[in-house]
Structures are given as structure tokens and as C-alpha cells.
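The same chain A turns up in both complexes below, where it pairs with chain B and then with chain C.
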Partner chain A sequence: MTAPLLDVQELRVAFASAAGLAPVVQGLSFRLERGRTLAIVGESGSGKSVTALSIVGLLPATAKVDGHILLDGRELLGLAERDLRQLRGAAIGLVFQEPMTSLNPVLTIGDQVREAVALHQRMTGALLRARSMELLVEVGIAAPARVLGQYPHQLSGGMRQRVMIAIALACDPPILIADEPTTALDVTVQAQILALIRQRQERSNCGVLLITHDLGVVAELADRVVVLYAGRAVEEADVADIFDRPAHPYTRGLLGARTTIGAAPAGTRRRLAEIPGSAPQAGGVARGCAFAGRCPNVHPRCLEVRPELRPNGERRQVACHLATAVAFA
Partner chain B sequence: MTAILDVYGLKKHFAARQGGLGLAPTKVRAVDDVTLSIAPGETLAIVGESGCGKSTLGRLILCLERPSAGEVWLDGWRIDAMPSPQLRPLRAQIQAVFQDPMSSLNPRMRVRDIIAEPLINFRLASGRQQIDARVGELLELVGLPREAMARFPREFSGGQRQRIGIARALAPSPRLLVCDEAVSALDVSIKAQIVNLLCDLQRDLGLALLFISHDIAIVEHISDRVAVMYLGVVVEIADRDALFARPAHPYTRALLASVPAGSPSERGRAIRLGGEPPNPADMPPGCRFHTRCPHTFDRCRTEAPVLRERGPGQMAACHLDL
Partner chain C sequence: MSERTDTALRDLVTARRSPEVATLRLRRARRPMPVAWEVLVGVGLLAVVAALAIFAPLITPIDPRALALDQRLLPPTAGHPFGTDDLGRDLFARVLYGGRVSLGVGVAAALLSALAGATLGLIAPVNRALDMLIMRIVDGMMSIPAILLAIALVAVAGASVENVIIAVTVVETPRIARIIRAAVLSLRERPFIDAAVTAGSSWPRIILRHLLPGVASQLIVQTAFVCAAAMMIEAGLSFIGAGTPPTTPSWGNIMADGRSLWQIRPNLIFIPAAFLSATLIGVNLVGDGLRKALDPDGTRA
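Right, the complex of A and B next:
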């Protein structure tokens, strides 16, 4: 059996703070295969973005990272900055929420696209320019020659995100990490960017690690889903199972709390299902289940013993003492 | 029923570039001839993408900006040009909740003083005991314990802070609450709590809501009527059920079709609208939507369509009967 494209095992990330180490990610494991999209879903503070940054070694020095991050079987944790630089772009492309903060405001789009290409591929002059144009065309930019001469502030948010995707995919990396790629965009533009990511993935067969809080984006793109709560996976399953048969009460809560078009019949108003309270601070729950304080099915045992992530059915894992009982209730 | 709020021909133009050096001055028509009204106890949602003028419209209604033209009437009083001494007592009637509670709550004030401020300003309570009692009442109304009074905003989560912002807005017993992206910054699980709270408050207090949002799914959930804005104009205004069942304007249709799938089985069903909204300083002639509309024909490029009736309780600004 060949090694998975990306294999994250028992990832732990903690940040040094005045009060000692604050754990943010607490033993997270997942695998990403070529051509597939794995979504990591969670709310603010769940540790989802920290997970993404730890894979590419972009966490600040105050972060303590443990576990294994294997790319094609090769350990990434502990790599020297030089090797990590080589990896970013060539092996892993990155797209973040706000392209305005990831693009350099004083360089033209052309400078930045060319830099991304030339960093990992020997190319100069007319060939480099032609490749840059081609990359912009591939992300649906109609006037690539003009855009190459423009600065980031001259582009709309959607165009900037297209440029980011072009840069991320410049070297045809096997992995694309997209952290909230459409959160800052208007809904009509979001639909365009989601379609673009899907189309680029079909072309290059890359694995996409999608980090998002938005279940709508998950429904559009993901094959497999990890639901993160307070730094731990509470459920992992195929996307259809997550939406049709959510097993963890938090997953069910998220699905019930969301608003979708056409959910209430004309003339009526559906009350949204609430998850009471708010998520605990990082490392705030010392024992028991981190979700126990907000869970409608809480059981005395939940306050004492933290449920481990255990197989539940063929292709699902759930961390809940009552998972089976609740799933069939 | 007489409206609590009437807006007639409201315009707000900003100078984007002063003239001179051979350059013509340019104007951004952020809000360009908007007319609408809200009945007591009704929720009117304003929905649109960034730059459509929805927040400017809210600020004009709150008298935080002076309109370039047009009128704002609150409960029979014309407030847009009213000098501030006369406007002051009327301001109690119309209060606002904004997107980011952390930037609208003074971090150095205790929750009690934050909520007491409007009570004191509008002379609605005096004396420590009376003020404390009313602040406690307001906190309970928004689902926070009375004890929250003694604490500072930073001690609360995002959702709780938004509750504090709502309590402050409710302090002067307004009849109209303007919510500008009031739940947009909140996590899904918290968003549901605040949306439900707003619905409950409206029912219990008979509040009218002007709910400004980019999120059409929330808008469908919360509104009685909906106005869809595009580049400064209302392109469609209709009762909620009519708008969602039979959207009459191509832009409304595009907005509805762009919403991500509710479940993976509906994946990729979204009909994608090409392009992005044009620069508001460089508005296309004719219909402002014609550069992105799938149904554009010659007339759209030269003549701006006006709102016309398309069904009971439904108006749309489009030359076609789609």
C-alpha cells in the first residue's frame, strides 16, 4: 500500500502564554488523498486554521507542535526553514481568506505570479511571461496581459482571489490548502471561486484541504469531513453521511443552527435550533467531553470521561459516549 | 396602517475625486433614489452585496449621514434635515445594532454604564436604584444574567457582547431597530441564538426591524418584506414569500441561485453569475445590472428601468417580464 498523500497523526499544537502552555489542537489525525477534498469544519477557536498553518510550518515561534505530518511518507515536522520554503508552493499551494493581506501591495500581479513560477521552475524571459499569462487564463481572468501590470488594490476581491489561486497552483502542487477561501467574498463571487477550485482540482488531481466554518461551502466541495470542536475531532465521515446522518450532537447542532434557503414553508417562520452557550476557550476543559456543557444529551459520564474518537459504522468515526444510542433514537 | 418609517427619493452622493489638474470630478452614487417604508412591528430586510449602498442607506435613516436629496420620515416627523436639539428626543425611537460588538462597546466601561448611558441621555431613568433596576431588566430581556452589569465587555464572548449591544439599543424603548450585519461576524451556533433573540424581541415588544444583511438565507428567515439593492438602487422589493417563490428581477434570481448547496446532493446546482459589480464611481448607463445580466438587450444599455408592480406586494425594476 502506498503512503497517503498527506497523513497527519496525533497533531498537537500549544501556544506559550503567560499562564503556561495553552493547547489549541489536541491530538488531531486525518488523511488526505490525491484528487479528494477533505474539509476541516469548525467555529472560531476550534483550531482549524492553526492546523493548516502547522502543516506548512507557518506558525509563530511561540507555538509548540508535536505529532507527525507526513507528506508522501516524508516527515514535515522539524524540517528546516529552507526545506519548508521549498515545499510551500512546490508541494503545497496555499489560499487564504483575505488575498489583500497575502499579496504584496507594492508589487504588480505580474511580479508576484512570475516569482511563484520562477521560484520552483527554471524559466525566464518570454517563456516566464507566457506561463504567467497562461496561469491567469486558467483561473478565468479574461484580460491577463492587463492584470499582470496591475497592483493588488486595483483588482476586485474576486479577482485577487483568482490571482491567489493562480499563484498557489503555479507549480502544480499535489496539495492545495484553502483556508476560508471565499469567506471575504460576495455570494455571487463565492459561487464562481468554488467552481474554480473544483475545476482546477479536476484538472490537476490535487488533494484539497479545505478549512472552513461554512457548511454550505462544505456541501459544495468536500468528499470527506472532519468536524473540529475545541481542538479535537468530534466526528469524521463522508460528506453525505455528515449531512444526512450526523452522529455527533455538535454536528447535528451545527446543521440545525444554519439557515438555508427554502427551509420554512411560505407564511411560516421556522425557529432556528440553537446550540446554547458558547465554545470553551482553548484548553478550558480539563476533563470530560468539551461539548458536555452545551449538549442536549449530556450524561453524567460525559462530565467525567472524555470520549475518544471511535469507529461508528463503516466509514465514520465519532467521539461521543452516546453516539450509537443517539444515532438510532 | 401608518408607517413607522418612510423614505422618499433618498440619495447620497460622495465625491470620489475632486476636480482639477484636468481631471473631471467623479461622484459615487452610494444611494440613488431609494423609496421605501416600514410598518410598525414589521421586519424589512435590505439585502445586497458589498458596495450596493445598504449600509449607507441605514446610516441615512439613522441620521448619521445627511442625504444629498430626499426625505426620511419617522413616525410622521421629517428627521433628515431636523436640527439636532429637536432630533434628540426622536432618536430614542430609532436605535441601531452593528456588526462588530467589540468595536461599538467602550472597552473601559462596565456593562451597567454602557446600558445606562442611553437611559441617562434620554432622561428615562434617574437615581442609582432606578437605573440599576432598568439595566437588570434589559439584561434579562436579552438573555444575560443581572450580574453581567458589573463586568467589562472583554469578559464576554462574541455572542454575549452582541446581546449587550442589543440591550443598549433597547434601553430607550425604540420602535425601530436598525440591524446592520448584526449577526454576520458570529459563529453559526451563536448566530442562531441571536437571530432567535431578535425574532422574540420583535414579537414581544412590537419592534419594527430594518435588517441589513448580505446573507440571503438569514434574510429569508427573519423578514416580512425584502428590498434587494444593487449599486445604490432597489431593484426589487416584495413580500418575503413572493420574493423567494417568484423572484422577478434577474439579480434577485442570481443572488438566490448563488447560495451554496444545503446538502451535498444539491452540489453544483448554483447558477453562476459572471463578473463582479462594476465600480460605483463608474456606473454603466441604462440598467446598472446590464453588464452582468443574462437577459440584456438594447434597451437595458440606454434606459434605466424603474420599479413597477409585478404581482401583489411585489415591485421590480426590469424592462422584461421574467
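Right, the complex of A and C next:
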């Protein structure tokens, strides 16, 4: 068996704080294959963005990172800045959440796209310009020549996110990390951006690591889902299983908290099901299941012993004591 | 490269020369830049003073250093529009030539301070230890009074225009370094810098391509203010005799020469002072106008 494109093993990230080390990611493992999309889903503070940043080595110096991040079998953790720089952009493209602030306001789009291309490819002059325009055309920008000369503030949010995707894909990286790519966009634009990401993926066969809290986005793009809670994976399964047969109570809570149209009987208002309480702070739960305090099915054992991630049926894993004991439809 | 991309590339190269693109570019170029009135007035003042200084040999045939003991302390006349000093030197010629020194020192010191200050301010934030080291040195430089430093330099190396420039640069560099560093510190936390890092940019590249353009407006404004300060310091130093040597006329030492006679011939001190003031007002107006134009909300320092 060949090594997976991206293999993250037992990733642990902790931040130095006044009260000692605050663990943010606590032993997360997942694999991303070429041409597939893996979604990491979780609330704010569950460690999903930190996971994305640790892959490209962008965490601040106060972060302590352990475990293994293997790219085509090559360890990325502890790699020298020099070598990491070779991989950023060339092997891993990153699309950020905020297209408003992720482009440099004082440089033209052309400057920034051309720079992304030229950083890893030997290209100059007319060829470089043509390649930049081609990239913009590929992300669905109709007037690339005009956009190249414009500054970020002259573009809409959706256009900016298209430019960000063009920059991330400038060197045809095998991995695209999209950190909440649609959070800051209008709903109509969200759908376009998602379609664009999927289309670019089909074309280049890259693996997409999707970081999001939006299950709609997950349903749209992902093949496989890791549900993250308080820095740990609580469930990992194919996207259909997550939506049809969620095994972890937290996953079910997330699904229940979605808005749906037409679910309420006429004349009544259906209240959104929320998950009571709030997510624990980094490192806040010393023992037992981190979700126990908010779990509707909590069991005495949950408060004592932390459930490990265990296989539960075919191609899925769950970290819940009750996942096998209680039958969920 | 595949057949498909080849064609696409060729299409795009052709598209670049289309008339549509050409008109767009023209339209962008024609859009007027908002210009503050301060800039216009300031540039006007400076243009007049600079023209007088640069073209001094064409405007007056008189050597500013030529003594004429039979023509001492003349009031303004047709031959000597500003009169003569106690050694019979023509004040008009002295003031014009003196402008060369004042403007030269101001511009040179401002450019050198901008270069040194921007370099320090951009490099310092790269890492914490370096930041500590550079900023403490800068603090130390800041604690030296310009006058004392200049006197020390003159004592060691002799009075010269170069030493005045060095003294002013040493004193003004910290101001620019601190402002640039502060701007870089806040700019560095912006997501587009992370984005540049993830695209694979190295730190030197990020500093030059992403941080420098971001702080350019503040750098330009500060440079203008340093230019004004430099001219002021030069005049002060020359006035007390620690600056430009007396053989070279500068506004500061012309005023110094005239100060004992100011009750008899006030033109000896007020005319060079007026030139210095007009120049300083001009530089400050330009700086202020640029600050307004580049940062209309006044949100940044």
C-alpha cells in the first residue's frame, strides 16, 4: 500500500499560557487521499484551524506541536523553515477564511497572483502574465486582464475568494487546505465558491482538507468527515454515514442544530434544537468524556473514563461509551 | 504543457492587446489623485526656494564669499538687493548659496535617516531577540541630543557639512525606526501576511514585497518631517558655530554673523531667517498634506 497523500498521526498542539500548557489538539489522527475531500467539523475552539495551521507550520512560536504529519510519507513536523517554504504553495495551498484581509491591500491582484506563480515556477514576462490570467479564468473570473490591474478593495468578497483560490492553486499543489472558505461570504456566493473548489479538485485531482463548522458545506463537498470536539476526534465516518446515521451524540446535536425548511407543521414555529452549554475551554476537561457535561445520554462511566476512538461498523470510528450500547436510528 | 493550455495561453496573450484592455488602462491612468491644498502650497514654496538655491550662479554673478571692505553694512540697494554684511559680502548671494547647504543637509539627512530607519524598523520585528537589541540601541541613539553629538563630532573630525549630516541622521533615525517598527508589528499580524507565508514566501521577500509597501505612506510622511527637522538642526548648529564652517554660507551661520548687528541692520538676520521659515513651512505643509492624503481618517499616528 502506498503512503497516503497526507497522514496526520496523533497530532498534539498545546499553547503556552499563564496557567501552563493549554492543550488545543489532543491526539488527532486522519488521512487524506488524492482526489478526496476530508472535512474537519467542529465548533469554535475545537482546534480545527490550529490543525490546519500546524500542517503548514504557521503556528506561533508559543505553540508546542507533537505527533506526525506525513506528506507522501515525508515528515513535516520539525522540518527546517527553508524546506517548509519549498512545500508551502508548491505542495500545499491554503485558502483562508477572510478573503477581505487575506489579500494585501496595497498590491494589485496581478502582483499577488504573479508572485504566487513565480515563487515556485520559473516564469517571467508575457508567459507569467498569461499564466496569471489563465489562473483567474480557471476560477471563473470573466475579465482577467482587468482584474489583474485592480486592487483588492475594488473586488467583491466572492471575487476576492476566487482570487485566493487561484493563488492557492497557482502551483497545482496536491493538497488544498480550505479553512472555512465560505464563512465570510453571502449564501449565493458560497454555493459558487463550493462548486468552484469541487471543479478545481476534479480537474487537478488534489486532496482537499476542508475546515468548517457548516454542515451544509460538508454535505456539499466532503467525502469523509472528522468531527472534532475539544481537540479530539469524536467521530470519523463517510459523509453519508455522518448525515444518515450519526453515532456520537455530539454529531447528532450538530445535525439537530441545523436550520431546515418545511420541518415545522403549518401555523407553528419549530424551535432550533441547540446543544445546551458551551464547549469546554482548551484543556478544561481532565477526565471522562469532554462532551459529558452537555450530553443528553450521559452515563456515570462517561464522567470517569474517557472513551477512545473505536471502530464502529464499517469505515467509521466513534469515541463514545454508549455508541454500541444504545441503538440510534 | 498540454495542447489545451497552449491554446489558452496564446488566446490570453492576444487578449492582452485588445482595445478594451487599452482603454481600461487609460481610464485608470486619467483618474485624478486627490491632492490636499497643503501639498500644492508647500510644493510651490519649496520649488521657489530650491530654484533660487540651485540656480544661484545664474541669478547673481556675485561670489558670496567675496569681501569688499569698502562696501560694509550697506542697506538694500539695486546692486545689493538684501544689502551687505559687516565684511561687505553680498547678502543676496549669501542667502541663495546658503540655501544650497540648508536644503542639501535637509534632503541628505532625511534620505539617510529614512533608509537607516526603515531598514532597522523592518528588520527588528523579525525576531524577538533582534527586536530587543535593535530597539535598545535605537533608544540609546534617541537619548543623544543633536547639538551635543554635533559638537563632539566637530571636536573630533572638524567642522564640515558632512559631519552635520551624520549628526542629524544619527539623531533622526530612531524616530523613523520606531514608527516603521510599530507599523510593521501591526501589519505583520494581518492575515495577508500569513497568506504570503503559506504561498511560500521567504521573510526577506515578505519584508520587501508586502511590508514595505504597507508602511511606505508613513515612511514618506515621516521623511518629510525629518527633512524639516534636519534643516532646523543644521541652522541651530551653524548658528552656535558647531555646524557648517563659517567659510561656507548657510542660513544658520549667516544669521550668526548678523546677530550682533541686528539693531543696526535687521535684514542681516531676518532675511535668512525668513528663507529658513518659508522652507520649513513648505516642507511641513507637504508632509502634512501627504499625511492627510495617504491617511484621510487620521486613524494612524
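Operating definition for what follows: the second predicted complex is superposed on the first by the 324 of 329 C-alpha atoms of A that agree within 3 Å, B and C clash if a C-alpha of one lies under 4 Å from a C-alpha of the other, contacts with A are read in each partner's own complex, and residues count from 1 in each chain.
Everything below uses one rule, namely that a residue touches a chain if its C-beta (ideal position, glycine included) is under 8 Å from a C-beta of that chain, and two chains touch if they have at least 3 such contacts.
Note that the structure is a prediction, hence the values are computed from the model and not measured.
Chemist: With everything superposed onto chain A, say whether chain B and chain C fit together or clash.
Modeler: Verdict on chain A: chain B and chain C fit.
Chemist: Just checking: does A:303 make contact with chain B only, chain C only, both, or neither of them? Give me first, second, both or neither.
Modeler: So A:303 meets neither chain B nor chain C here.
Chemist: Which holds for A:118: it touches chain B only (first), chain C only (second), both, or neither?
Modeler: neither
Chemist: Angle at chain A, chain B to chain C, CA centres, as a multiple of 10°?
Modeler: 80
Chemist: When both complexes are superposed, which of chain B and chain C contacts more residues belonging to chain A?
Modeler: Touched residues of chain A are more numerous for B.
Chemist: Examine A:96 and indicate which partner it touches, taking first as chain B and second as chain C; both and neither are also allowed.
Modeler: After superposing on A, A:96 lies in contact with chain C but is clear of chain B.
Chemist: Could you say whether A:216 touches chain B, chain C, both of them, or neither, answering first, second, both or neither?
Modeler: first
Chemist: First (chain B), second (chain C), both or neither: which does A:167 touch?
Modeler: second
Chemist: Considering only touches as defined above, state whether A:86 meets chain B (first), chain C (second), both or neither.
Modeler: Only chain C is touched by A:86; chain B is not.
Chemist: In the superposed arrangement, which partner chain does A:137 touch: chain B (first), chain C (second), both, or neither?
Modeler: A:137 contacts chain C only, not chain B.
Chemist: Nearest CA pair across chain B and chain C in the overlay: distance in Å?
Modeler: Minimum over all C-alpha pairs: 9 Å.
Chemist: Would you tell me the residues on chain A in contact with chain B in one complex that are also in contact with chain C in the other?
Modeler: In the superposed arrangement, which is not itself an observed complex, chain A uses no residue for both chain B and chain C.
Chemist: Which chain A residues qualify as touching chain C in the complex?
Modeler: Contact set of chain A toward chain C: 56, 58, 85-90, 92-94, 96, 98, 101-107, 111, 115-116, 119-120, 126-127, 129-131, 133-134, 137, 144-146, 149, 164, 167-168, 170.
Chemist: For chain B, which residues are in contact with chain A within the complex?
Modeler: 49-50, 157-160, 187-193, 195-196, 199, 214-218, 220-221, 241, 244-245, 254-268, 270, 272-274, 276-277
Chemist: Which chain C residues qualify as touching chain A in the complex?
Modeler: 5, 8-9, 12-13, 15-16, 18, 20-21, 24-25, 28, 190-192, 194-202, 209-210, 213-214, 216
Chemist: Can you list the residues on chain A that touch chain B in the complex?
Modeler: 43-44, 156-159, 186-192, 194-195, 198, 213-217, 219-220, 222, 239-240, 243-244, 253-254, 256-264, 266-267, 269-276, 278-279, 294
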